[in-house]
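Structure incoming, see below.
Letters A, B and C mark the chains as written, and numbering starts fresh at 1 in each.
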Amino acid sequence: MIFNTLLIGASSGAIYSLMALALVLVWRSTRVVNFAQAGQAALSTYIGYEIMGRTHNYWLSVPVAICFGALLAAGVDVLLMRVLARRAQQGPIAEIAPVITTLGLLGLIHSLIGLIWGNAFVQYTSPLSGKGFTIGAQVIPFSPQNLLIVLAAIGVMATFAAIFTFTDLGLSLRAASFQPEIARLAGIRVDRVRTIGWAFAGATGAVAGVVITPTAYLSPNSLDLLLVSGFVAAVIGGLESLIGAVVGGLVLGIGFAFILQYIGSSVTFLAGFIILMVVQLVRPHGFFGHKTSRHA
Amino acid sequence: MLKARLTPLKRALLLAAFGVLLLFVSNHVDELRSYQGAQAAIYVIAISSIIVLTGFSGQISLGHGAVMAIGGYASALAFTLWNFPWEFALIFGTVVGTIFGCVLGIASARLQGPYLAGTTLALAVGLPSLANQFKVLGGEQGIEFDIGDAPAWLRQVVGGDFTQYKWFFWLTTCVVIVVFWTITNLLQSNVGRTWRAARNHPVAAGLAGINVSRTKILAFTVSSSLASLAGGLFAVILGLVTPAAFPLSLSFLLVTGAVIAGVGNLAGSILGSLVLVSIPELSGTLATHLGNSQKVTANLPGLVASLLLIIVVIFAPNGLRPTAAWKAFRQFNDSTI
Amino acid sequence: MYLFHPHERKTMLEHRRKKRGVMAIVAMLSLASSALTLTTIPAEAASTNAQTGITASTIKLGITVPLTGAAAPGYNKVPYAMRAYFNYVNDNGGVNGRKISLIIKDDAYSPTLAKSVTNDLILKDKVFALVGTLGTANTEATTKFVNDHGVPRLFVNSGFSGFTNTSKYPTTYTLLPSYVMEAKIMGQYIKDNFAGKSVAIIYQDDDFGADALKGFGIAGTSFVAKIPYASGSQADPTVVGKWIAGLAAAKPDVTIMFGVSSATAAALGGSYKAGFKTQWILGSVGGDGTTIASVAGATAVGLLYGSIGASFLPSPTDTADEYVAQFQAINAKYNAGAVFDNNVLVAMNTAMMTVQALRAAGSKLTRTSLMDAIAAKGSTFASAGFAPLGYSSTSHVGYNGYWFGVYGPTGNMKPASGAYTLYTTDSGTGAVVKTATARPAMPAKGLPTN
């Protein structure tokens, strides 16, 4: 029973991790929480769904969706976020104006998807089975699709962690987000680098969409709740860290699974709130976050 | 705004005059506008709660829909289950919300920016579903909250066809005027100055002897009072409370309204709420003119609303305001500490 | 030298600022009040006028339904199917010369939005009556307003038993048997066909489920496992896993699934994933094959195979049935390629009943005459349903019975014994009666002539 609960928690945890990774990537590049991530991921998944409908080849639709996700995110950054950054002033508005903009973008994407594909639920089928692996006589609650999700989460995390740590691009990304002025002085094209960061996030969101959707259904709103879980997971892990996003996702997933098992389904999200509060009482910047230095 | 230079007395008279004007107008508009007016009035209070919290105290909340839910549910429970008169039910709801806000504020005092945003977000999603956990909260069907029609004496005095929606408008307008007066006074007082100081220059404020944490908690508490009052009134005009009435999008709507209003400007909450009420109207009308197919009817209103929002925020990220008043306000704001 | 002393200058600036500020306030006030007055809809007593929404040539009807959001699948087809039927009738003479116009509003299954759009329908669009509105909470939110204005609310798409109270809901007419009735009937069916077997139930943990348990209580059904779930939680695979684990532990021979389509799909899918086997009996609310397919994929429809379900309408693929054949023809011509499923069938059936109600009210069509007509003649309306309609001067309840069928491999339900055998009951503690169906014949070409 406990083992099953752990497995269930781990597979949903991997799902949260993927969304959390996307949110962390955007945050690290531009210090913006991108609420439109759910919409962008959904739109990318719909593109994958279209390809799937025409070619019946899941493994072809996935990279197409990912590329689309990256391009879409880059487009959003260039057309929307740069304009906003120029116009928003300092103070509390600088933090929430981008949030509102991305919320508006989320609604816009929902409506666009509805206008193009309609609001019905559709199925995006993957060749991997949704039925759990059989170990001996038992069917465990972990299927090949779940395995793909876990591998995707680890893969994304490892790829981007490597990029951030070992490449010049990664260094530029980190510099551009922490100290944009100094980065510019050092010759880094800050705007361009930030767009690349958004593109990474968009690609991650698309990955999340295409591996998760086969386990349920696809609709304009199907990834919205995942956004909230992903954000909570990201905050638990500390918004700065990719490893934190994965750890946060796992903590949340396993926490939810146990609460569900032993208490009930109505309190799971409230439990998420409590987990968040507890984590932040102990470590205000999440498990792996860095304390930002005080400005003068 | 420039009400800074008005004494509380003059402000009260001005607001009272405004109120009388509104009530007079309500006799000449139909029920639909009365209901929308009541909705707008409630939004004014709710947006003010965000303005107090974010604009004046620098803290973000993406979960004020949950605080509204607390106010709404507490009021509904008091009225329907424990037979409080509705006035006391609303007061009870506000008190419960205030206490909740105080606790939440204490818990969140150490949190900054996106961490506070994430926490309040989790609250917004998690709290309403509690209604399914405890039977007394009514589950998906919710709890009724029907305060009936206007009192008999009022109907006799005003005469005519005093529908329930008109009564809602009268009730919410009177509450808004009192609240507006109170909060403006508060913001112009020492408390408001302390909030602004703590928001703009926390280090200097601390050195000047201001307990930054305590002022933040106070702001959170006042903000929650407003939000829970708005929630109680919201439940009154809806006629019931259910979890579906307090979705995550409500919290987002409030923050949106505050941004449109100009987060640092209390008077802007009026404009912000009018915009919030009129966007669905406009987009619905536009959608009807542009086509009747299923996809269009379902999605065009949302498209228009989102586009409008993005445009407003990009072109007026500090809110929509007459420029002269805005400049003057900024001068006033920056000149005080 | 300065023109003014600095102190005076400062006061003057303050004065100017103050003047500008006051002017700004006055400007805002005048703007607000003129906006309100100029946009006034003439405050006639129109909304309480018994003839609102009717002209010499048109009848305006309104419907609120989730077109977007989580509850939309399936239900978002209903208003367009109704409109298709109304257009068919309009093309063939309308109702006593008047054409029906159906105004469709999205309520996204939110009671707040439902209230706003219902206000719009009644006050702005000035509809004559509401038809086919969906959702118990949404219907509740608009009840006082609808009652105060005497707006008829026909054939509400909810089985909440509270709506049968005619003093609380004087203008509301239901269509479906209440959930209490459905549960009573199901309990009797189980007694007749599965005597001695162990029974479990998954139910939604609110009034919907409470009604079901009440009905099963009256029927005397006892359960080896009772699994409640919070509405909406079926979207979480871990929740579903917990249901199946609970069932597997109790090992029931028969499992009743009394939930919405997405929950039914989740339960079937979860059982498949866990290798759990039982005889499923599905409540009518969640048993529509095409809705399940869209929520959980074609494989979920395959999982329906062998399950037992309940309905009061013929199977939507039973082309031998005269109503189904006629509605399919109308659907092909007027409904722009929509797939003909249970939702379309229910919608067109409701529309047909609406037309008969309007016709029965006579040439002097008013809200009162409409409701009187339903009381007097509603029980004789022709409809595709096999159960009799219970409308009378004391009852606003529609159908009162179900037949049971078995799902085939493609999600279509066929009567278990080949012929439609109906179980009927009342909304109280009366017994469940098995009757032979005697459905009124369909008017020629599906065009009512009453």
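One rule holds for everything that comes next: a residue touches a chain if its C-beta (ideal position, glycine included) is under 8 Å from a C-beta of that chain, and two chains touch if they have at least 3 such contacts.
Values in this document were obtained by computation on a predicted structure and should not be read as measured data.
J.: Report which interface contains more C-beta contacts, comparing A-C against A-B.
T.: Here the pair linked by more C-beta pairs in contact is A-B.
J.: Taking each chain's centre as the mean of its CA atoms, which one is farthest from the centre of chain A?
T.: Ranked by distance of C-alpha centres from chain A, the top chain is C.
J.: Any idea how many Å lie between the Cα centroids of chain A and chain B?
T.: Here chain A and chain B have centroids separated by 31 Å.
J.: Centre to centre, by mean C-alpha position, how many angstrom separate chain A and chain C?
T.: Going by mean C-alpha positions, chain A sits 36 Å from chain C.
J.: Return the residues of chain A touching two or more other chains; collapse runs of consecutive numbers into ranges.
T.: 114, 119, 225, 264-266, 268
J.: Note the residues in chain B that touch 2 or more other chains, in rising order.
T.: 129, 132-133, 294, 298-299, 302
J.: In chain C, what residues contact two or more other chains?
T.: 67-68, 72, 76, 230, 233
J.: With touch defined as at the start, can you tell me which chain B residues reach chain C in the complex?
T.: 1-3, 5, 14, 18, 21-22, 25, 28-33, 35, 37, 39, 129, 132-133, 138-142, 144, 146, 161, 163-165, 238-240, 242, 244-245, 247, 267, 270-271, 274, 280, 284, 294, 297-299, 301-302, 322, 324-325, 328, 331-332
J.: Give every residue of chain A touching chain B within the complex, in rising order.
T.: 27, 33, 80, 83-84, 87-89, 91-93, 95-97, 99-101, 103-108, 110-112, 114-115, 118-119, 225, 228, 231-232, 234-235, 239, 264-273, 276-277, 280-281, 284-286, 294, 296
J.: For chain B, which residues count as touching chain A in their complex?
T.: Listed in rising order, the residues of chain B that touch chain A are 54-55, 58, 60, 62, 107, 110-115, 117-119, 121-123, 125-127, 129-133, 199-200, 203, 248, 252, 255-256, 259, 263-264, 294-296, 298-300, 302-303, 305-307, 309-310, 313-315, 317-318.
J.: What part of chain C is in contact with chain A in the complex they form?
T.: 67-70, 72-73, 76, 229-230, 233, 235-239, 241-242, 245, 269, 272-275, 293-298
J.: Can you check the complex and tell me which residues of chain C touch chain B?
T.: Going by the criterion above, the answer is residues 14, 17-18, 20-22, 24-25, 27-29, 32-33, 36-37, 39-43, 45, 47, 67-68, 72, 76, 80, 104, 106, 109-112, 115-116, 119-120, 123-124, 136-137, 140-141, 143-145, 148, 160, 204-208, 230-233.
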